[in-house]
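Okay, so subunit A shows up in both of these, paired with subunit B first and subunit C after.
On to the complex of A and B.
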C-alpha cells in the first residue's frame, strides 16, 4: 500500500518537473524569436554598411561584395568626423555637467529641509511635464542673440541639455533617500564638511546612480535631433551626427548615400555601446549592505 | 575631557511642536550622565543639540566654557555613537575607524597606532580588514565605538547604542561600556530608554518626560527618592505599585490604610511628614514590588489579593495580583527563600496575604503627583 502511494507521489513529482521543463522550453523559444526580430535591423545595418556594389537601397540582404569603401568615404569625403567630434564633446560635457547638477540637486532635496522645498519639487515635476520643444522658439531667439547657434550650436546645446537637468532629480533623490541619514550625521560629527560628507561617504555609496546619470547625460546628445537641427540650422561645422546624417536620407541624396548612412550608424553606435558595456557592471553592484543593522 | 552646560535649552519643531523645554543641566568633566525616558520625551533631541545635529531654538549649550550653539558638529570636538552604528559600508573597519583621523590630516603612523590601539581595547583587531557587512551586530557596534574612541574628543555621546542588540549581547556590551569608561576617562552623555542601562551606567541620571526634565540624580537618589509619580514608576523593574489611599494622622502618629489594612508609619518617614506639614489627606502610596513581603491573614497589616499571573523568572517570582477592589499589585518574591509547598501555594487563582513596612513607602500628592517628602 505504502509503495503504491510512494509511486503515486513520485509520478506526480515527475509530472510537475516535466511540466516545468516544457514550460521553460516554450518560454525560451519565445524569447529567442523575439530577440531575433529585435536584433534583425541592427544586423541589417551592419551588413549594409559593408556593401560595396551599390550605394542605393536594394531588395536583398546579403551584400554581393564586402568592403570598407563606405567607411573610407565617410571619413574622407564628408564632414562626419567633425560631427562625430562635436557630438562627442557635447556628450562628455553634458555627462559631466549634468551629473554634477543632478546629483547636487537630488542630494540637496534628499537631505536639506528648507522653506519651499515641497513647492520646488512639485513645481519642477509639473514643469517637467511640458514637452521640451515648447521652448524651442524662445531658445532659438535668445541663443541667436548670444551667437550660440550654427557653428557655435554645440556649446548652445550643452547649455540647453544641462540647464534644466536638475529637474530630473527623482531617480537619484529616491536613491539618496535610501542611504541612512545617520551616515551623513556620523561623518559630520567625525569632522567632515557637508562637501566632504558628499564625496567621501555618499558618492562612493551611490556608484550605480552616478553611473546611471552619466550614461543618461552622455546618451542625450547622441540621440537628440529636434532641438539640435533647429539650433544648428544647416551649418556643417556645427552639426551633430543625428542632424548631419539626416541630410543623407533626403530624397535627392538617399540613392547615393544610403550605405554610407548605415556605416555612420555603426560608427555612432560604437561609443555609446562601449560606454554602456564598460559601466553596466556597476549597475548591479549592491553597495549599501552593512551600513546599518540588517 | 570637558564639562558640558545646558542653559534654558528649548527645541521647537515647526511652529509649535515643543520637543525639549527649559532644559538646565551642568555636566562635570569626566562625568557619565544618562538621559532616560520613554520614546518621544526629547532625550535624543537634546543629545543631537549637543552634537550640533539639531538647531537649538532657545538657550545655550556650552562645551568646556565655550558656547557652541552656532558651531558645526565638526568644530565641537565631540564623538558620537549612533543607534544604527552608522558605519561607512564602503570602507573597511580600519578605514572606518581612521575616517575622523584622516579628515584631520593626521600622519599615517599615528593613524595606524591609534586605530590598532583602539581595536585592541575593543577586541576587534582580527576584523580590521573586513567590511562592515561581514560583521555581526555586536562587532559593528564595537567598530562604531572604536571610531568614536580614536579621536580623544572632549565629549563622548552615545545615542541608544545598545538597543539594536539582542538581550544577551546587550548585557555583555553594557558591562564592556563600564570597563571602557575607565579606560577612556572622558565626559560621557548616554541616551537610552532602558532604565536598567541608566541605573547601571550613569553617575547621574536625567529622567525626562514630554520634553521636561523630571529629576536629575544618582541612581540611588532617583530610586530611593523619586520626585514624582512618573519617576517612581519609570525607574525600577517591575514598576512600582501605586494606589490611592488615606494618610491618617492621629495623636501625632501617622498611618496609611491601604485596602482596610492599617500600617503605622514610623521613624524617619513620620518625622519628615511632620516637618513638611503633611497631615490627614488622600495620597497616592507607592511601594516597590520587591519591598512587599508575604504574610498570613492574622497580620492586621495584611492585604488580601488574588494571583492573576505568576511569572517565573528563575531567581524570583513576579506575582501579578488583584486586590479586593480591583487594583493591580505586583509582588516580587525571591525563590530561594520559598519552601516547596509555599511555592505551590503561589498558584494563579489563589489568594495570598501581603504586607509592607513604612520604610519602603513613597507618598505622592493626589493632584500634583509630586513626592510629599521631597
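On to the complex of A and C.
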C-alpha cells in the first residue's frame, strides 16, 4: 500500500517536471506571438515613416524606397514644430502644477484629521461620476472671454488639466497611508510643526510617488484629445500634437499626409516613450500600489 | 423566505445550492430597498434635527450674549474686534462690505438674480433680447446688444453661491464671538492674529494644504457641473445661443425628448447607444481583465527568462501616446491598410459583408464593434498585467505548495487559488475600470471617427450623425462641438444620465461585492 502511494507521488512529481518543461515551451511560444502582435504596429509606423514613393496608404509593409522626405516635409511645410513645442510646454507645466495639487490634496486627506474630511472625500467621489467633459461647455464660454482659447489654448489647457487634478488623489493617498504614523508623532514630539513634518519627514520618503505624479502629469497633454480639441477649435497656432495630427488622417487629407503622420508619430513617440521607459519602475509602483489599496 | 441552516445547506447538490443562492439574492432586494428607505428617512430626520439645533443655538447666543455679541449679529467681526482678534475681525468685516456692495450696486447681485427667472418654465433667461435697430447715423440696421443668457445664468448662479457663503460666514462669526465670550468669561486669553497665522502651518495645516486644490475643484468642476445641470432645464442650443437669441426655461422637456420612444423622440437612439455603451464597458473590462491576468501569469511563471523584456514590450502601448498608436492601428484595418488588404485577399471576410460592399471590418456594425473590443485588448492588457504582477507576487507560496501536496493540478490551482485571490484584491479596480470604459472617449473616437461610412450610422440623433460604435460620451462630444447643430441642453441631459447610470452601478457593486476594506475576511 505504502509503495503504491510512493509510486504515485513519484510518478506525479515526474509528470509535473516534464509538464513544466513542455509548459514553458508553450509559454515561450505564446510570449513570442504576443511580442510580435504588440510590436508590429510600432515597426509598421517606423517603416512607413521612411517610405517616400507615395504619401498614400499602401497595402505592403516594406517601403520600395527609403528616405527622410517625410521628416523634412514635416518640419518645413507644417506647423508640427509649433504643436510639438506647445505640447511639450503643456506637459512640463502640467507636471509641476499637478504634482503640487495632487500631493497637497492626498497628503491632507491621508495624514491629517479634520472636520469635513469624510464629506470632502465623498463629494469628490460623487463628482467623479459625472463625465468630466461636461464641464468644458461652461469653461469654453468663460475662457473665450479671457482669450484663453484657440491661439492661447495651451495656457487654457494647462489650467483645465491642473485645476481639478486634486480629484485624482487616490493613488498617492494610498502611498501616504502606508507610511507609519509613528514617524509623524516622533517628529511632533520633537517640536516640529505639521508643515515641517510634511517637507522634512514625509516628502523625502515619498520619492516614488512624487515621480509617478510628475510622470502622469507630463503624459496627460500628449494623450488628451477630447479637451484639447474642444478648446483649440481648429486654430493651428494653438494646437497640441494630438489635435493637429488627427486632422491628417481625415478622409480629405489622408491621401497626401499618411506617411507624414507616421513620421510625426515617430517624432512624438521617441521623447515620450524614452521618458516613460526610464521611469517605468515608478509607474509600476504607482499602478500596483493603487490597485491593491483601491 | 426560509433560511437553511448550514447542515441543510451542505446537503444540497451544486445545482440546488446555486438556485438557493440566487433566490436568496432576489429575496434580499426588498430588504435593501427598505434599508435604503430607512436610511434616507433617517438622513432627513438628522438634517431637520441639525437645522433645529442651529436655530436654537443662534437664539440662545443672541439672548445670552453680551452687547458685543449681539452687535456682531449685524456687524460682521464686531465681537472679534471687541475681544482683540483684529485679523479675523477685519476679514469678516471686509467680507460683509464686499457682499453688500456687490449685491446692491447697479448690475450687481440683485440685478442678475432678477434677470435669471430661475426655473420659471416658459420665461427666458435674461429679459432683453438683442436685435437689429435702425441707426440714423449709419443709415442701416445695427445690432444692439441685449442680455446674454449664458452670462446672466452664470452671474445669477455665482450670486446664489455668494449668498450661501454669506449665510455660512455669518453663522461662523456669530459662533466665534460666542466662543470668545465664553473663553474670556473663564479668564483665559483668546487666540491672537499672530497665533492664527502660525496655526496655519501647524494645527490648521490642512486649511493651507487643501485651499488651492479645493478651490480649483470648486471653480472648475463643481461650478460647471451645477451650471450644466441648470442648462439641462433650458433650451440652450445653436439656435438659442443666449446672445443672438435668449434661451428659455423649458422644465423637463429635454428629458422628455431624450426618453421619448415614440416618433420624433430620441428614445430609440438613446436606448441603442446606452445598450452598446454598457455592452462595450462590460466586454472591454472583462476581456482585458482575464487576458491581462493570463498574460501576467505567463510572464511570471517559474522558469521563464527575461521577464523584464516581455513586460517592457507590453508597456510600450502605455508609453506611446494613444492617439498615435490608435490612429495608426485603425488605419491598418482599413480596406487599403496592410491587415485589411490581407483579410480581403485571403477571403477572410464573411460573404454577407462582401455582398453588401463592406470591404473592411470597419464598415459593418457588428464587425466594427468586435474590432474595437479587440484593439482595446491591445491597449488595455498592459495595465492589468502590471497590476496583476504586483498581486501575484503577494500570493503566499505555501498555498501553492500545500495544494500541490493535496494533488491539485495547474488548472485547479489557477481556478481555486490564483483567480479568487486576484478577484478579491482587484474587485474595486474592476468597478473603476468599468466606469472609465463607460467614458472611454479616446479608444472609440480615435479608432472609428475617420473610418466610418454612412452604412454604419444609426442615423441622425440630436442633430449629429451617430455611428453604431458611438458611446454616450462620444455622442455628447459631437453634440457640443461648435457647429450649427450644437445642442448643449441635450448634452447636459446625457451627462446627467451617465451620472445616474454610474451612480446606480457603483451603489450595487459596493453593496454586493465583498469590499476590500476588511482584507482580513479573505485570509
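Here, the second predicted complex is superposed on the first by the 258 of 294 C-alpha atoms of A that agree within 3 Å, B and C clash if a C-alpha of one lies under 4 Å from a C-alpha of the other, contacts with A are read in each partner's own complex, and residues count from 1 in each chain.
Keep this in mind: a residue touches a chain if its C-beta (ideal position, glycine included) is under 8 Å from a C-beta of that chain, and two chains touch if they have at least 3 such contacts.
Predicted model only: the values in this text are computed from it and were never measured.
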Pick one for A:178: touches subunit B only (first), subunit C only (second), both, or neither.
neither
Tell me which partner touches more residues of subunit A in the superposed arrangement, subunit B or subunit C.
C
Considering only the touch criterion stated at the top, classify A:242 as touching first (subunit B), second (subunit C), both, or neither.
second
Applying the touch criterion given at the start, work out whether A:39 contacts subunit B, subunit C, both or neither, answering first, second, both or neither.
second
Which of subunit B and subunit C A:205 touches, first, second, both or neither:
first
Please work out whether A:193 is in contact with subunit B alone, subunit C alone, both, or neither, and reply first, second, both or neither.
both
Pick one for A:256: touches subunit B only (first), subunit C only (second), both, or neither.
neither
Overlap the subunit B and subunit C contact sets on subunit A and report the shared residues.
193, 287-289, 291-293
Quick check on the complex: what are the subunit A residues that touch subunit B?
180, 182-183, 185-193, 196, 200-201, 204-205, 287-293
Within their complex, state which residues of subunit C touch subunit A.
150, 154, 201-203, 205-206, 208-210, 212-214, 216-217, 219-225, 227-228, 231, 295, 298-299, 301-304, 310, 312-325, 327-329, 331-332, 334, 336-338, 340-342, 378, 383, 386-387, 389-391, 394, 404, 407, 410, 425-426, 428-429, 435, 439, 441-442, 445-446, 450, 472-473, 476-477, 480-482, 488, 491-492, 495, 498-499, 502-503, 506, 516
Interface with subunit C, subunit A side, in the complex: residues 12, 16, 19-20, 23-24, 27-28, 30-31, 34-35, 37-39, 41-42, 44-45, 56-61, 100-102, 104-105, 107-108, 112, 114, 117, 120, 124, 126-127, 129-139, 141-142, 159-160, 162-167, 193-195, 198, 219, 222-223, 225-226, 230, 233, 241-242, 245-246, 249-251, 254, 258, 261-262, 265, 268-269, 272-273, 276-277, 280, 283-284, 287-289, 291-294
Quick one: in the complex, what on subunit B touches subunit A?
51-53, 72-74, 78-80, 82-90, 99-100, 103-104, 131-135, 137, 140, 147, 151, 157, 164
